[in-house]
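Next come two complexes, and both contain subunit A; in the first it sits with subunit B, in the second with subunit C.
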Partner chain A sequence: MDVIVCVKHVPDAETRLRAASSGKWIDPDGVKFTVNNTYDEAAAEEALRLKEKCGAKSVRVITVGPARAEEALRYVLSMGADEATLIETPPDAQLDPLTTSRLLAGVIKTLPHDIVMVGKQAADDEAGVVGSALGALLGLPSYAFVTELSPDATTKTLKMRRYVEGGEEHFHGPFPAVISLLKGAADPRTPTLPNILKARKKPLTKVPLADAQAKAQALPGAPVAGTVRSFVLPPPRTGAKMVEFQTPEEAAEKLVKLLREEAKVL
Partner chain B sequence: MSEARRLSAKAGGGQVVVGLLGSGLSAAAETVRAYGPDRVLVADDPRLKAFSAQGYSAVAAKMLSTLPEPRAVLAPATAMGRELLPRLAIEVGGTVAPDATDVVPREGGGLVVTRPIFGGRATLVVELPTVPCVSLRPNAFAAEKSPGDSTKTEPFPVGDLPATAASVVVEKTVVTRGDTPELTEAPIIVSGGRGMKGPENFALVEKLARVLGAGVGASRAVVDAGWRPASEQVGQTGKTVSPNLYVACGISGAIQHLVGMSSSRCIVAINKDPAAPIFKVANYGVVGDALTILPALTATIARSKGLPNP
Partner chain C sequence: MPIGFELTPDQKELQTLASKFAREEMAPRAPECDKKALFPEDIYRRAFDLGLMNLNVPTEYGGSGLALLDQCIITEELASACGGMTTSILANCLAIQPINLGGSPEQKERLLKPFCSSYHLASFGLTEPSGGSDAAALKTRAERRGNHYVLNGQKCFITNAPQASLFTIFATVDPAKRDKGICAFVVPRDTPGLSIGKEEDKMGQRASSTATVIMEDVKVPLENMLGKEGEGFRIAMQTLDSTRTPIGALAVGIARAALEQASKYSLQRTSFGKKIAEHQSIAAKIANMTIELDASRLLTWRAAWLVDQGHRASLESSIAKCFSSDAAMRICDEAIQIFGGYGYMRDYPVEKYLRDAKLCQIYEGANEIQRQVIAREFLKRFA
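This part shows the complex of A and B:
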């Protein structure tokens, strides 16, 4: 069994966001980028567990991003992945999630894959698009909001659980497939120093953007995508209006009045 | 449906067609009519009992292909809606944007979509050429019933499905939600953190939620402590919510919590510590003991709504 995991190199959760001068995305200057964004790290952990539990042949980590995104790949290699692929974009490329999906699918199509694992959503654009889109582009079933999975290699069936509105569904479906992971079964492992050193020597293939684009041409759908008109930061919150009070009852009365008459949310 | 009607009015007319997919849909088809679409296409088929993005998008694409000039596809930004639309976009050669809080027609076709990103810390405005497939964030759009009875309901034959889609089988569904609304859709959320001091005090949170018709949320600290179920966790590793009103009780306001709720329209923080970071994002702050403020708040709201004090 071959497992591919897709991760995105994204700004650290604590980054203070500033708009770029283009007004279309964040200014990457001084931003710390990381792969340890919850969903992708969980996807990587689950991919490695598939290998350990079910004897997957190899786990390949793949990303679309600028040269700096190699860091994300090395990180997952140091968690234990075997090989990596970087689809290299210009540093200021701003890709629609469908465009990203087409580039990934074009390359994944040329690689052995039984299970393609992605996170529920990327920590920056939060689209939650790539998983389902990859399924459609690769002609595979896709399952999203998955919280647990175990494959049966003889019947080529995955037993899974997924989040649904109001509860959880226990279900099964066939693979090869694409899985968007909401939550892993275990906390992502932290790379050890020896593994970090080993990861530096693991094979990493760079695919030029033009090659990936050429591979994407034969895929279904149309190469149309959204374009960003603007990236807007909210005016800084000025801090809360404080309710002054002597007794809890007074606090409650004043707060309810504010919520009703000023905020109009009651 | 309501937003589709408003959009078609803004774009100079056009029909609102509802695609209804599943198994055993007669009641749902009736509900849909109350919102006054022009047509309802009902794909009622036992093979659609279990949701699969692959199967549902195949049927939805077929429905779309029967319409001469589809302008936009809208769905709720629920788990299913968000999973379905990217596949549909590819099947119909369209574009996609999830979780919109605003949509307007775009010159030259398609839509201009506004959506929160970075956990609500920023907003992206995206132009989507035809055919835009857009999921709408719950609470962000008003639903309006539309009386009148001109809706045409038509059965839609499902035809062949991809074999892999037809073999998705749901073994069982475990309902975790009680009588409180689903968190991501709740118009009001009352959330408790470690400042509630113990699982028993969440009765105070639940009572306030009850008089407000609100959902109950929690910080990770109390989920990790086993005081509350994981389904209630709000934040980076929990749910992203954007209700009209979010009441944070005894929650410090760590960044991982804030990314899950800071796009709420109005935030109230009740916290003992005037320096708690939650007050930086809150609209209204109460510095005090949540254990005494909450019952007073519940009583005041119950009284004003003419409800019994729970």
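This part shows the complex of A and C:
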């Protein structure tokens, strides 16, 4: 059983973002990028558990991004993945999630894959498209928002769980398949220093963008993509009101008065 | 290798690991450990599990085998969360370095391998109640009797002593011989006659433990002596030559945390109708702190880089340790000043930085001794 996990290199949640001069995306200058992309990390952890607990043969991590995205791959290699593939885009490329999906699918198609894992959405654009699109492009079932999975290699079925309105759904389905993960069974592991050092020696393949585009031509359907017209940051918040007080009782009294009379929420 | 200031992808990854551990696991525990002088053994155990503990031990003996520059990068991250915890984590490197430098392959196999195979702490025992700076004047006696030595004496201010399972102890066969009489021994904690005195109640770095080690007729077999009789002093000095630079990095970490806190506060706090950062004298403080922090880090990296290139770096490592720890004191002091009255309060983080930073001027060679080394090494060029 071969497992592939797709991750995205995203801006660190604590980085202060500015709009780029193009007005279409953030200005990457001075932004710290990380793989600490909650759902992707969960997908990576789950992929590694498939290897450790369910006897999967290998885990390969793939990303589409500029050269700096190699960091995200190294991180997952340090967590324990065996091999990595970088589909390298120019530094200023701004990819639509459907374009990303086609590039990924084109390359994944040429690699052994029984289970393809993705986070349910990326921490930056939060599009949540790649999982389903990969399923369609690869001609595989895709299971979304999964919280738990266990494969049975002989029957080639997956037992899965996911949250639904008011409860939890237990279901199964065949694989090869694409799974988009909401969360894993365990917290994503932190790579240990010896594993970081070992990861230096693991193979990382770079696929030039043109090669990935050529591979994507064999996929069903025609390339389609949305176009970003403009990107704006939320306006700074205003309207906060500071309550001056001497005692906690006075603070509570003033707050209740404001909530009732001004905000009219009580 | 040419000079470069950009970290390699590998170094960035080590930095990310250390910074994540520092932020998520060390920092939340730091205030309580400081207040109650708790020794957070679970944190140290976790540092070991992540491979952040025996950084200077070669991989064949179970350590991480990192270059000194890599060690400094990690140390800065850890210290930005808690200076005391970082001292206890680094104390293993200090205690083990004599074995790295003076041990035979057989001794490394026998002593280092089991030590590094699971979580253990070690202590470095050089300083004595009668004086630390003049290490050649140490009084702990080592008497040869057949195929072992018998140790008698006391070591004081020994980091991790209450929890350590292994000690490197420096003792003399004849005090009159000064440095020529000193020997280095590896002594397991359970050796009869070795006991630990009262734990010190410290001003800062209170998450670290410090205590006296008492030796009464402690029998150490010959095969636990590092190097030959009389080589102990050289081993001790070479050890300190290589562990001094990370102390500079530790000071950089503490100072960085202080500067970050002060910068954020100066952009929030207002007086006279503007952010205090907009008052020229506060902005000047931030500028000076930034300059000193940058210089400290670069001096530390340079000293580490020289060692990694195989050069002798007594002068540069003394400069790095001395400047960084003095600068850390100035930076932490200014951070308190920027916080005004709140800076003086224990519920705010900055006063701890000052207390923690102070130790960096004292241990691993007090700064007066570093200046003596710096002047001596530099003046050689003109003599």
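Going forward, the second predicted complex is superposed on the first by the 239 of 266 C-alpha atoms of A that agree within 3 Å, B and C clash if a C-alpha of one lies under 4 Å from a C-alpha of the other, contacts with A are read in each partner's own complex, and residues count from 1 in each chain.
Keep this in mind: contacts are C-beta pairs under 8 Å (C-beta built on N, C-alpha and C of every residue); 3 or more make two chains touch, one makes a residue touch a chain.
As the structure is a prediction and not an experimental result, all values here were calculated from the model.
Novice: After the superposition on A, what does A:A210 contact: first (subunit B), second (subunit C), both or neither?
Specialist: neither
Novice: Between subunit B (first) and subunit C (second), which, if any, makes contact with A:Y75: first, second, both or neither?
Specialist: It touches subunit C, and subunit B stays clear.
Novice: Of the two partners subunit B and subunit C, which one touches more residues belonging to subunit A?
Specialist: Larger number of subunit A residues touched: B.
Novice: Please work out whether A:P191 is in contact with subunit B alone, subunit C alone, both, or neither, and reply first, second, both or neither.
Specialist: In the superposed model, A:P191 contacts subunit C only, not subunit B.
Novice: Which of the two partners, first being subunit B and second being subunit C, lies in contact with A:V243: first, second, both, or neither?
Specialist: first
Novice: Have a look at where A:A218 lands relative to subunit B and subunit C in the superposition and call it first, second, both or neither.
Specialist: It touches nothing on subunit B or subunit C.
Novice: Where does A:P234 make contact in the superposed view: on subunit B (first), on subunit C (second), on both, or on neither?
Specialist: Only subunit B is touched by A:P234; subunit C is not.
Novice: In the superposed view, which residues of subunit A touch subunit B and also subunit C?
Specialist: Dual-contact residues (subunit A): none.
Novice: Applying the document's contact rule, which stretches of subunit C touch subunit A when the two form their complex?
Specialist: Residues in contact with subunit A: 9-10, 12-14, 16-17, 20-21, 49-52, 55, 59, 64-66.
Novice: Quick check on the complex: what are the subunit B residues that touch subunit A?
Specialist: 50-54, 57, 78-80, 82-87, 89-91, 93-99, 112-113, 116-119, 121-129, 132, 162, 164-165, 167-177, 182, 184-185, 188, 212, 236-237, 240, 244-245, 255-256, 259, 265-269, 279-289, 292-293, 295-297, 299-301, 304
Novice: What residues of subunit A sit close enough to touch subunit C in their complex?
Specialist: Residues of subunit A touching subunit C: 34, 70-71, 74-75, 78, 190-197, 199-200.
Novice: For a test of understanding, state which residues of subunit A touch subunit B in their complex under the given definition.
Specialist: 11, 13-14, 17, 26, 38, 96-98, 101, 123-133, 135-137, 140-145, 162-174, 177, 180, 183, 220-222, 224-234, 237, 239-243, 245, 247-249, 251-253, 255-256, 258-259, 263, 265-266
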